[in-house]
Amino acid sequence: MFVGMGIVFLFLTMLVIVINMMSSLVQRFFPEVQANTVNVPAAAIGTDKQTIAAITAAVHQYRSKHK
Amino acid sequence: MFVGMGIVFLFLTMLVIVINMMSSLVQRFFPEVQANTVNVPAAAIGTDKQTIAAITAAVHQYRSKHK
Amino acid sequence: MFVGMGIVFLFLTMLVIVINMMSSLVQRFFPEVQANTVNVPAAAIGTDKQTIAAITAAVHQYRSKHK
Amino acid sequence: MENLISLWQSTGIYNFTAGQAFMMLVGFLLLFLAIKKGFEPLLLLPIGFGAILSNIPVAGIAEEGGLLYYLYFGIKAGIFPLLIFMGVGAMTDFGPMLANPKTLLLGAAAQFGIFASLIGALALNVVPGLEFTLKDAAAIGIIGGADGPTAIYVASKLSPDLLGAIAVAAYSYMALVPLIQPPIMRALTTEDERKIEMQQLRVVGKTEKIVFPLMLLFLSILLLPSATPLIGMFALGNLMNACGVVERLSQTAQNELINIVTIFLGLSVGSKLSAHAFLQMETLGILALGAIAFAIGTAAGVIMAKIMNKFSDTPINPLIGAAGVSAVPMAARVANKLGLESNPHNFLLMHAMGPNVAGVIGSAVAAGVLLSLVK
Amino acid sequence: MENLISLWQSTGIYNFTAGQAFMMLVGFLLLFLAIKKGFEPLLLLPIGFGAILSNIPVAGIAEEGGLLYYLYFGIKAGIFPLLIFMGVGAMTDFGPMLANPKTLLLGAAAQFGIFASLIGALALNVVPGLEFTLKDAAAIGIIGGADGPTAIYVASKLSPDLLGAIAVAAYSYMALVPLIQPPIMRALTTEDERKIEMQQLRVVGKTEKIVFPLMLLFLSILLLPSATPLIGMFALGNLMNACGVVERLSQTAQNELINIVTIFLGLSVGSKLSAHAFLQMETLGILALGAIAFAIGTAAGVIMAKIMNKFSDTPINPLIGAAGVSAVPMAARVANKLGLESNPHNFLLMHAMGPNVAGVIGSAVAAGVLLSLVK
Amino acid sequence: MENLISLWQSTGIYNFTAGQAFMMLVGFLLLFLAIKKGFEPLLLLPIGFGAILSNIPVAGIAEEGGLLYYLYFGIKAGIFPLLIFMGVGAMTDFGPMLANPKTLLLGAAAQFGIFASLIGALALNVVPGLEFTLKDAAAIGIIGGADGPTAIYVASKLSPDLLGAIAVAAYSYMALVPLIQPPIMRALTTEDERKIEMQQLRVVGKTEKIVFPLMLLFLSILLLPSATPLIGMFALGNLMNACGVVERLSQTAQNELINIVTIFLGLSVGSKLSAHAFLQMETLGILALGAIAFAIGTAAGVIMAKIMNKFSDTPINPLIGAAGVSAVPMAARVANKLGLESNPHNFLLMHAMGPNVAGVIGSAVAAGVLLSLVK
């Protein structure tokens, strides 16, 4: 049954290879202005914007529930 | 198969007629103090009320999730 | 069919008995620092904390929806 | 021309039977009660709509291959009422009942309506044109349990033909609780009794709330296995909520899942409102017996509470006995309202919630008795 | 060694047929259109994925015992499209249409594409290699209704083999509405017509919104029972939303329930994209006829609006006629955009929502006609 | 009197068998572990409850016509585990793995436990009283995959009789990961190795996250079609989440839908905990082999990581190899915790998430191998 383990390794090794190929292709041909913009604001943007977002979200939700 | 198209027109024409009848009946016998009151507050009422609503909604939700 | 009513009474009477036993056992062996702590803050804690909770919840939700 | 005739022959107008037209009116009446009168709209709206859909000529929505035919399987197999019962369990707080367990006896007493109307149904067989089997009588009696899913579950097992009428009667009378109960409650109590204030309930801890559903299930396994599908799913929902470690399952059970099943259940119950099954003398009998069952259950609960008040060391306001019929939380609110009328400082709501949820257990137990004895 | 050979013989590479490989490419194309081009992603993503899954050799995911085989039952029985229609009903606001009921006629005119392409499909039988039965032709025609669940419902009843191609065509062309419609709309209208501003709509009250779905259902019961499964579930959803007393059911119908069913429906539709059924001359015919149906429907709507503008006492901008094909709310947005191009103060969106939702009713009615005449 | 005897004969007390009583205790034990010990409560609570319900005498809840009988169809047909896998896919972020793809090899190594315990199960046949077929052995081995839905899917296909024991073992050991893994991890690593800090991972873009699930599916189609039901649904969920255009479907898949299916799956798995199937010597063998599989998988992961650390140009902390067993995210947290113990600045969590999610793929691949070779 070592053939089974062999297939698992074979499969995941090939996956490593194609991921590496894919990543380099994607990064060369479809570079992204990165996710930073998505993740940072939580910490970086001032409280005012957050508060506004919070209130907007809450108001929106409040209305959608109590219309 | 023009009979098919004819039925569609017949059906929707009758629907126009009954809607008109229905609307005039409803507006005469069941007049409503209109939806204005429902739609306006979003814009009309001051920010304070909105903020309170937002916070109420958010607090409510926060609790219901973290109780 | 009074036997039916009899069984209902028998069952619920036994339930009363076992509940009483259970409650006294639980209260003796597993006493709890009570739910007060869970219910009070709504009224007791100052507005600041509530507001923070509200905004936290709203921001959290806003992000999880708009990520 | 021939084409036009065949078209005309495929219209609803051409194919309507008087029975179908009448049942559609019944459906519209249910919609009216649900929307304009606020009668248990979550159930009566889908039931009424299902009644209309299933009585449309030609379309065959409730016949083999139609949507309501498939949905009905969920009732025939008992799946829908049990899932709803799980959701109701997750929404139920047994705290007030555990703080004052003897209120369980009020929940027992109020089930008297079930057995009284069972016997009433059998007695009605003397009326010519009425013919209730023992199974029919048991299914009718369960209306007195004032609990929708229990009634549907029992009726689907014992008397599927009467399911539509029984479900409609059960939910209608539950909606009518604020009209049916007060006169009976006033007639059976004195002003002084209604003024009785009750001691504040102790706070019930989390451990007790976790142990209780398991204990309830265990007792029912030992004594009345036929009630365990109902009580089991109810206990599962309650445990999921009480234990606090499967919050997301509990939330889904009491929101999306129960909503989806409610739509399906309502439509399928409505599909049993066919002219052939509903337009019978039996239906009138069912409606009459249902009302009687509610009245007797209410009276039995109040009387039991008066008796208990005599023998108890802490005062018991007899009004809370009426909440024992279940119809959660309507019956408890009625008790609270009557209490406030007599004594503006008398808040009975939490005290009435004890017998109220006990009534749910009581009718599930009664359902188990019926399913076990009548087969 | 023998083991390795048997392993090799169980790989996908060894077992691939050209047809399966091609259908997977079709699946990937649908995913690409959904994700990168934003073509109706809620449907085309699951459909594309279902196409890939069902064409995997050896795995048999769409064969008896596989997941997609079981899910497909929900389409075969008509359950999934009807539940989606209920959710769509709950999301639909008939206010703009009730404020200006004559826009219903635009929703009727735009169904002309359905019948034109039906006849087109029959005419295509002269092309060697194409063979459409009357049922096939009717199922193809419904693409012109520009309404996904209606198309799937009709195709599943009349021509299940073509279901995959029909659903893909319907959703693809709905996504292409912003490309297909504008040239036709510009060709059929003058600059002056496009500039026409319409009178502001009156506010429609809650009572009218509650009565309307019932009235619609009632008319359909009387005249066209074969349309009542579709119109009935649509009306149920709409009533649940309009009446305001079953908010939790309405929310579940237009959120979780429709989402769950959309995933299942998409996957099952995709499972009908098998090489054997899709790689036929017929599919090209379907794609061509679908495009023609959309174009004719758009033109018929615009022309009807021009005629109505002639005879109406209040002005009607012919652009809103194009919204009658349904494809809610895309077609209404297209009308709005073209209006703004000609006249920056001309907001047609709400005016176009009337014919837009009327188009949904129109295609459900046309579906009823097809189901009733073709069998 | 006869009535009372018949009543007594219908009680649970009268009908209890020792086996049923024992299985209820097992059910209660699972509830206790779920609620008080926090062992995978989302699954073990419904499983435990299902075990109790299905062992109630007389009631027949898991027999034909009972609720659990119907629910079990969702497992028999493979529907429930695949839907759960879709939801898990939607919850999984492959970012850390894509940033460091060689961690996939750790996810491969940790599957060694699966095959070791498969051989162990066959070897156990020398013990008198134990009799495992090859199918049984394969189903038992999959416990070592540390992935609930995969284990249930494989067991339902290969060895439905052992399903209950296998599922319980899989979820129990997943809950025990914080107890089972640390001693093994400490024994196989030096203090210096545990102190190794790893380079910060690059941020993985959206495009890569969209392409990955499709690539994974494609590779599995080419090489191992028998794994495509599992990997396909996993990839579907992951794609729905990554692509961002079907947010509402993704949210429903990872919330309401997975919750509903989890309740149903748990109850149905519990219904396989019958005395007849569970109270066998085989169950002890399963529990023992499951623990061994976890231990071997952990060890293989750590050793593989040590080897890779030797040959890699960037340092690899061997602790993250243990996360390759999957058991997401518990195993990754364990690696993180042990890393922090040796070096308070060593945050391994994100690095361990790579092998952790790779382990999910690894066990799905191993499942495909088993389903393809063993039949």
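We just call them A, B, C, D, E and F in the order they show up, numbering each chain from 1.
The criterion applied here is as follows: a residue touches a chain if its C-beta (ideal position, glycine included) is under 8 Å from a C-beta of that chain, and two chains touch if they have at least 3 such contacts.
Just so it is clear, the model here is predicted, and its values are computed rather than measured.
Trainee: Specify the angle of rotation obtained when superposing subunit D on subunit E by their C-alpha atoms, rounded to a multiple of 5 degrees.
Mentor: Nearest-5 rotation angle for the superposition: 120 degrees.
Trainee: Please identify which of C-F, A-F or A-E repeats the interface of B-E; the criterion is that more than half of the contact pairs agree.
Mentor: Checking each pair in C-F, A-F or A-E, only one repeats B-E, namely A-F.
Trainee: Copies subunit E and subunit F touch; is their interface built from the same residue numbers (over half shared) or different ones?
Mentor: Both copies touch with mostly different residues.
Trainee: With chain centres defined as mean CA positions, report which chain is farthest from subunit A.
Mentor: It is D.
Trainee: Suppose each chain is reduced to the average of its Cα coordinates; what separation in Å results between subunit E and subunit F?
Mentor: So the centroids are 41 Å from each other.
Trainee: From the C-alpha centre of subunit C to that of subunit D, how far is it in Å?
Mentor: Each chain reduced to its C-alpha mean, subunit C and subunit D end up 25 Å apart.
Trainee: Quick one: report the Å distance separating subunit C from subunit E, using the average Cα coordinate of each chain.
Mentor: From the centre of subunit C to the centre of subunit E is 48 Å.
Trainee: Please output the residue numbers of subunit E that touch at least 2 other chains, ranges allowed.
Mentor: 7, 223-224, 256, 373
Trainee: Could you pull out the residues of subunit A that touch at least 2 other chains?
Mentor: Counting only residues that touch two or more other chains, subunit A contributes 3, 7, 54-55, 58, 61.
Trainee: Show me the residue ranges of subunit A that touch subunit F in the complex, using the header's touch definition.
Mentor: For this pair, the touching residues of subunit A are 1-5, 7-16, 18-20, 22-23, 26-27, 30-32, 34-36.
Trainee: Sort out for me which residues of subunit E touch subunit D in the complex.
Mentor: Spelled out, the residues of subunit E in touch with subunit D are 77-79, 82, 86, 210, 214, 217, 221-226, 228-229, 232-233, 236, 239-240, 243, 245-246, 248-249, 251-253, 256-257, 372-373.
Trainee: With touch defined as at the start, can you tell me which subunit D residues reach subunit E in the complex?
Mentor: Per the stated touch rule, the residues are 7, 10-13, 15, 24, 28, 31, 34-35, 38, 41-42, 45-46, 49, 52-53, 56-59, 61, 65-67, 70, 255-256, 259-260, 262-263, 267.
Trainee: Using the touch definition up top, name the residues of subunit E that touch subunit A in the complex.
Mentor: Answer in residue numbers: 3-4, 7.
Trainee: Across the complex, what residues on subunit C touch subunit F?
Mentor: That would be residues 3, 7, 65 of subunit C.
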